[in-house]
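Listed next: structures, encoded as structure tokens.
There are two complexes below, and they share chain A, which is joined by chain B in the first and by chain C in the second.
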Partner chain A sequence: MTGLFSEVFLSALLFGAVTAAIPLLLAGLGEQMSEKAGVLNIGIEGMMLAGAYLGFVGSFYSGSLWLGFLTGAAGGVAVALIMALLCVRIGLNQIVIGIALTLGLEGLTALLHHFQFSRSYPRLPAADATVIPLLSDIPVIGPAFFKHHLIVYLAVALVFAMSYLYRRTQLGLNLQAAGDKPAALDVAGIDVVRTRTIAVLTTGALAGLGGAYLANVGAGLFIPFITNGAGFLGIVLAMLARGRPVWVLFGALLFGVCLSLTTAMQVAGINIPTDVIQMLPFLAVMIMLVLFGRRASLPAALGIPYERGAR
Partner chain B sequence: MSSLSSSPAGKRDIVALEGVTKRFPGIVANDGIDLSIRPGEVHVLLGENGAGKSTLIGMLSGLLQPDEGRILVDGKPTPITSPRHALALGIGTVFQHMMLVPTLTVAENLLLGGPWWQRPRTEELAARVAEITRSLGITVKLHAKVSELSLGEQQQVEILRAMVRNSRLLILDESTSMLTPKGIEELGALMRRLAEKGLAIVFITHKLKEAAAFGDRISVLKLGRKVGEIPPERFRALGEQEIISEIVELMFGKRKDDPEAAQRPTRTIRADAAPLLQVADLSVAPTDNAPGLSSISFDIRPGEILGIAGIDGNGQKQLAEALAGQRAATRGSVRLEGTAIEAASVGERRKQGLRYLTDDRLGEGTVGTFPVSINFFLKQVGAAPFWRGGVEQRAEIDRRAAELVREYDVRTPSLKTPVARLSGGNIQKVLLARELAEGAKVVIFNKPTYGLDLANTLASRQRIRDTAARGLAVLLISTDLEELLSMCDRIAVIANGALVGTVGNTDDARTKVGRLMIGLAA
Partner chain C sequence: MSIDTAPTASATALDPTSGAATRRDILRRLLMTLGPILVALVIAGCILLAVGVDPLAYYGYVLEKGLFSPLGIQQTLTRMAPLLFLAAGLIVAFRAGMWNLGGDGQFLLGAVTAAASAPVLVQVMPGWLALICSFLIAMVVAMIWSLVPALLRAYQGVNEIITTLMMTFLGTSLANVLVKLVFRDPGTTVPQTRTLPVDERLPRLFDTTITSGLLLGLAAIIIVHLVMTRTAFGLKLRIVGANPRAAVHAGLGVPGLTIAVFAISAGLAGLAGAVDIIGVQGNVRADWNPAYGLAVIPAVFLARMNGFAAIGFVFLLSVLSIGGESAARRLGVPNHFTLVLVSIVLIVLALAEYVDHRYNQSRKA
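Showing the complex of A and B:
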């Protein structure tokens, strides 16, 4: 127990928390955009898996982590295209299609991985960290928060970019109107289907990127079902964040700490059954839902396909 | 601008409709409508529910496309393909249901629709809004959330939005229906100011007073057809009484060769019989989207049909539900055969003989996926002889259901068919069979023929007449005046949740009820 609260342990714990939080953050931000525009995107888990697999494959063959992020995002967009076509354009049930996409991608990525690598799990070299001068010298905090891959800082910057987008731009207004009162957006002369499609494709890109980060930086390898519910946690985060990107960041960090604690306590050899430790993140979800679930406010037209002049 | 309004002969139509027809499955919503809309003129469209007003607006605002006929903009045939197109043509619409995003501020709502890559031009908007509001004499809180505004304020925002977008034609779709009398007055004054500035205004209403007070030209729609127009010259020449009587005749006049016309059978109701249903001072609190009821009182004697006339959404459903026990009343008493039932539950009221036939046949009336047979006994689930010890008695249910199917002429492939697969008329028969079953004393019908075809409409009406003939008390709520005139003994008119008058169904009832419905004294 002596090592539990030492400086090194604490900074490793927080470092792990950030690493675990980034995929959740990206998924949460993506889901938030979809939901703002009125599309409940249950397929986000599938989009993350596509991103994880294609991101890993991209990096594995090119040797470039950035190319991997790109292919990962593209994978997410590809799945999102199906979602946009079926749910936004044709107006099929978003929940059914979302579940189908998630289940389908779970099987497909596992199958492709098996064909390609059989039962081996090749690793990528460890990701280069971008060390921020001065800040990284602060004890505990420095090594925990300021020695990450560049994409981590970009993901955090994205939180503020999203805030700006929602509060200050025309697109932000359009997205919110598409989710709260699509008919008003339509009579204002903006195509609701196009607005929602933009949102869903952006979600796909962010989820794919999150998946790619999870595989390439977080784990350094791809294994089937690697996302392990990260997309669903993203949905919870988006619902609890009440449309505010900053809350997605806080929520993602909280879940990140729980996930990191799971690993850290096992490493520290604390005498608690691992099954109990592994329950932690999900326990956190339940506690958060009990505490804040009541306050979650969702767009009025969430999950309802838009049809002009429907009567 | 003043030159436009001073030379009426030189005015050209901004928008004109020529023989526009629009069909929906089963109905012709607009049938060969001609309309001319001119600058500086308030063109009032008058008509009852289902007259086709909203469909006409849908076509002008680009939400719907006409099946036949054409729309001319500035004299050129122009199909209005989308809401965006309508806006570009200078046609701004204030819809009956607010088209503002409640979670955004007024300014954000006004900015909605700009190019997405642009930053919202807030400063430019503020200057433009200041200019417009000054010239119109209204005030608008730009930074308030729309959900915090009153309905009247929201409407001003919508009008302002049309002005910000440089509309030449402003369409107001039943804009006064949700406003207070003061709000209506303000809106009227605003319309006059806009018309003076040279705008063309189309104002849809079903209140004659408003039409006479704010309009220049009046067109009357009835059942999808335009049945008359009073141009400005005649409008000014005629006295108010003449205009009113002319419009009442146009709106409520008897149609010729009407297949629905049935001679009202003369029932003799014993005037000294004790009323079966006595309602006194019944009140219901209003909700966000529905009016309440204020102090409703009436009696119905055995064998009598009391009609409730009125424009849809004036508290009819609230009245029916309050009587049936589905909606809590804040005050008042309901007596059935002298027994107070206002505190009784829905089930107890039913047991005592109060039956309610809802207008929401598939929503609250039946369970669509259940077979026809079970739907007959939905309100008796668990009761003997159809259920014993919690177990469904299939044979007993089927036997009785088969009887009801025969008796009420329900056209169904089998007893096991899910009720939702039947036509509206046959679902209505299932409901009739269920609610008129043994023990009924007072029956409330809410829009019993709404959406039915002619044959089923006539059959339903006959069934209601038979019900009264058996000595039951009937409350018939309908928005179809012909229906009420052909069946009722007395007709009460409901407006804004209050009964504004009750008239006996005598020869001049049509005019009297019509006058009450459009807000005049009988």
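Showing the complex of A and C:
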């Protein structure tokens, strides 16, 4: 048992937690923006898968991680474009289209993987870490938090950028209004459909980026169904965060620790089915909800397509 | 319309043309369903062409196995049994305005408890009683599993999308833990529950391989449809769904109804698990998760929560999944293509409904 609590082990555990948390963070931030604008984006799992696949393909053929992130985000946006067209522009049911997109992308990416990579299962080399001077010398915490790929720091910075966006900018207010009272936004002369489209496309970009990170940095390869419910976790995080980006970060880290613990337990040879540990974060959140559950402050028009003049 | 049929027509309906109108309506609805499916098949066919598979051969196998071969259609009808129960459960929840997205967790827990109890119970009591008992156990377990989201929604107003999604993740893991640690069959090396012998399972219909669970499923969804549309209880639930605040003003006990909705919805999902195990599979292997719930949700929406329409969509889903499995095997395409096909069918059907709706509106205007 001494090995379990050694410095090296602990920092590896935390390092893994951050790596596992980043895709959830990006998905959660994206979903949060959609929900603020009144679109319940259940297709986010599909967007992440598109991002994971295209991100891997981009990195694999170009040899550049950054290009992979770009193609991954583009893949997420492409799926989001369908969602925006069908659910925002012409107002189809968001749950039907969201689930259909998730199912379709699950199938499509698995299919493409089968024809492209299923014989060789190629891997990417380990991602370069950006080591932050001084901070990374702190024992335990240093190697855990300050030796990650640059995109990790950017993702954390994005949390604060989002906070600023929602609190201090016109666009942030418009997004909020599009979800709370779209008719009022319309009367104020702002295009509701365009505002919501911006939100959905941003969600796609973030989810795609999260997927690309998951495949390229987290796993180093693409396998079918690699996201394994990360998008749905993103939805949970966004709803629990009640519109505040910082809470998405905390939530993502909590889930990240539990996911990392699953791997760590296996490495340490502790004989509990991984399913038990996988239950921990959900159990924690459910207990929190039972103890402190209050009315979730969801946008009033969440899930309702906006049609001008409709009552 | 000929002269001598006109009086009888006007005697049965006030408007003499209504008979022809409904017939045209039914025809149009049929066209609006089959047309989009055809379009979806063409789009999916292009994807098949792109990966170098002959779409005609693929669809040929799908139709042959899923619909026209005697064995295939029997498998299709058997597959419908759990899907019908799931659809019935979703109809109750969605009509009452509650997003029970936790169907898969409830389904798996029902399946695992049915798989654990049935082989034990058949040894101590007559077979039919043992099956009824395991059905009830599965139902009750699934109901209990939905209690936390139900109570949180009823008394704290916590959004049920979050809670049911989380409970479904928890339920999937818990089902695995139960299979691996608690109900594991000591006689096998693969982690799975004890197998229910074939002659103890639900009887098959006549001389076919179709499970009698199909009849149970059909009964469940038709009863649910009638309860929701023809009874006071159903009306109450629909009022809660249409406007919870108005329901409170109308003097309805909304918290109690909320808990009832979750219990019925989850209970039916648990029965879906039980019918799949006791009728078809016989045991639960570790990490088994067919994730039926995810495909049934959009189908129920497209059926506009109408029980009879849902039967049609469930049939379509079953044909695609059974036929797709076979076509994939024979042509060397991974089975994942079925997911793509189902997804495109759902999207095109949703689009067609929108076009139809707009067309009707512009004609009225």
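Some notes on this structure:
Throughout what follows, the second predicted complex is superposed on the first by the 288 of 311 C-alpha atoms of A that agree within 3 Å, B and C clash if a C-alpha of one lies under 4 Å from a C-alpha of the other, contacts with A are read in each partner's own complex, and residues count from 1 in each chain.
Simple rule for what comes next: a contact is a pair of C-beta atoms (placed from the backbone, for glycine too) under 8 Å apart; a residue touches a chain by one contact, two chains touch by 3 or more.
This is a predicted model, so every value here is computed, not measured.
Within the superposed three-chain model, A:L92 lies in touch with chain C and out of touch with chain B [touch as defined at top].
In the superposed pair of complexes, A:E106 makes contact with chain C only, with no contact to chain B. Contacts of A:L298 after superposition on the shared chain: chain C is touched, whereas chain B is not. In the superposition on chain A, A:A183 makes contact with chain B only, not with chain C. One of chain B and chain C touches more residues of chain A, and that partner is C. In the overlay built on the shared chain, the residue A:R308 is in contact with chain B alone; chain C does not reach it. Contacts of A:L173 after superposition on the shared chain: chain B is touched, whereas chain C is not.
Shared interface residues of chain A (contacting chain B in one complex, chain C in the other): none.
Interface of chain A with chain C (complex): residues 40, 86, 90-93, 95-97, 99-108, 110-112, 114-115, 224, 229, 232-233, 235-236, 239-240, 273, 275-276, 278-279, 282-283, 285-286, 289-290, 293-296, 298. Per the touch definition, chain C reaches chain A in the complex via residues 47, 51-52, 99, 148, 152, 156-159, 161-163, 165-167, 169-170, 173-174, 176-177, 180-181, 294-295, 297-298, 301-302, 333-334, 336-344, 346-347, 350-351, 354. On the chain B side of its complex with chain A, the touching residues are 24, 58, 61, 63-64, 82-84, 87-88, 93, 95, 99-104, 108-109, 111-120. Here chain A touches chain B in the complex through residues 168-171, 173-174, 176-177, 180-181, 183-191, 195, 299-300, 308-309, 311, going by the rule given at the top.
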